[in-house]
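This is the structure, below, for whatever I ask next.
For reference, chains read A, B, C, D, E and F in written order, and residue numbers begin at 1 within each chain.
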Amino acid sequence: MPIVTIKLAKGRTVEEKRRLVKSVTEAVTSTTGVKPEWVTVLIDELDRENWATGGELHSDKFGEGHGRIGTK
Amino acid sequence: MPIVTIKLAKGRTVEEKRRLVKSVTEAVTSTTGVKPEWVTVLIDELDRENWATGGELHSDKFGEGHGRIGTK
Amino acid sequence: MPIVTIKLAKGRTVEEKRRLVKSVTEAVTSTTGVKPEWVTVLIDELDRENWATGGELHSDKFGEGHGRIGTK
Amino acid sequence: MPIVTIKLAKGRTVEEKRRLVKSVTEAVTSTTGVKPEWVTVLIDELDRENWATGGELHSDKFGEGHGRIGTK
Amino acid sequence: MPIVTIKLAKGRTVEEKRRLVKSVTEAVTSTTGVKPEWVTVLIDELDRENWATGGELHSDKFGEGHGRIGTK
Amino acid sequence: MPIVTIKLAKGRTVEEKRRLVKSVTEAVTSTTGVKPEWVTVLIDELDRENWATGGELHSDKFGEGHGRIGTK
């Protein structure tokens, strides 16, 4: 019965979401022994102007690819 | 002072929301003894591509009426 | 597939919780047409020292029965 | 590492959000001693038709400026 | 910057949590391209008397191993 | 009507919470113009074994004072 909520920046394709929920569900079932059909995953997409660290909005602070592998 | 959050699939009319929050508020007050004016209800609507069970997005898995009474 | 989260002050008995989740589930199914087995209800109990309104902790501000019907 | 989520009615400008997250981050760091770069603030904007108190939707109950200083 | 919250029934060991957060973080990074150090995972453990489906508390409805692979 | 939730590591005194909710409420009212009595603040305290970044539990990764001003 686990319920997993993933908050992340807006802008993922449906295909990326498809892989994300599949992969996270497998991670949960393989480490907790819960059956896949009991795992719920919710995606909560946020605008960068609604996300801040260090007191600064990410829309002000970062460019688009921020935080991804291969970027600074 | 209860705060109730209801996550559900996008696509309800304002009239459905009106009845939902009224009915849920009555359910809370009648079973907890809290006054209605102390009950907050928040509705959080999700796209079906942001909701998954069993590792599969609901936008892939289900048709529109899924889960409603009278459907399979 | 609605997921309902109810935040309320700690101190309810199991019997009160039993009636609360039954009643809230009926409120959701009767107004949305979703089947009962698709409705999840989560209770999140908070200490009064972790709840504030008007900038003041409820543990400082209120007595025990606060907000219930029949009290001020 | 605090994570602060602020739910509020939709309709704030980016400039208002900028000041809000700056000010809330300072409030957290000055009272907890946590470094600013460890504080995350998320803004969750809700339509007034998704927010209810006393069993009534805010879109039915209130005008636009409701609850602001200088209004009733 | 993804923030992942996992709600699950109380009763996991620290070692199970260790594997869970490691595995979920890898699932997120491998499918979204976000760097591991940007992924936060929070575990929210619930008593079975605070979790209900179909209007019934899980403490009333289920035995301890419910939902795990190898059980009904 | 803003509702602010603050997730942070367990271990704050009531006096620290008192100052935190007072200060955060003032930050919200001064930047949004909402009246103090309309601002709710909830504190959600997490064990360090329920909080992870980079795939590692904070109970494994950090000592007690981690992240506070004056520490590394």
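Just so we're on the same page, a contact is a pair of C-beta atoms (placed from the backbone, for glycine too) under 8 Å apart; a residue touches a chain by one contact, two chains touch by 3 or more.
As the structure is a prediction and not an experimental result, all values here were calculated from the model.
Common neighbours of chain A and chain B under the contact rule above are C, D.
For chain pairs A-D and B-F, the one joined by more C-beta pairs in contact is A-D. Comparing the residue numbers each copy contributes, chain C and chain F share less than half of them at their mutual interface. In terms of their C-alpha centroids, the spacing between chain A and chain C amounts to 28 Å.
As a whole-number value, the distance joining the C-alpha centres of chain B and chain D reads 22 Å. Work out the mean CA point of chain D and of chain F, and you get 15 Å between them. Counting only residues that touch two or more partner chains, chain C has 1, 3, 7, 26, 40, 42, 51, 53. Taken pairwise by the contact criterion, the protein chains fit none of the simple patterns, being neither a path, a ring, a star nor fully connected. A complete list of chain pairs in contact reads A-B, A-C, A-D, A-E, B-C, B-D, B-F, C-E, C-F, D-E, D-F, E-F.
Within the complex, the chain B residues that touch chain C are 1-9, 12, 16, 19-20, 23-24, 26-35, 38, 51, 53, 58, 67-70. Those residues of chain C whose C-beta lies close enough to touch chain F in the complex are 7, 46, 49-57, 59-60.
Chain D makes touch with chain A in their complex at residues 14, 17-18, 21-22, 25-26, 36-37, 39-45. Interface residues of chain E, counted against chain D in their complex, comprise 1, 3, 40, 42.
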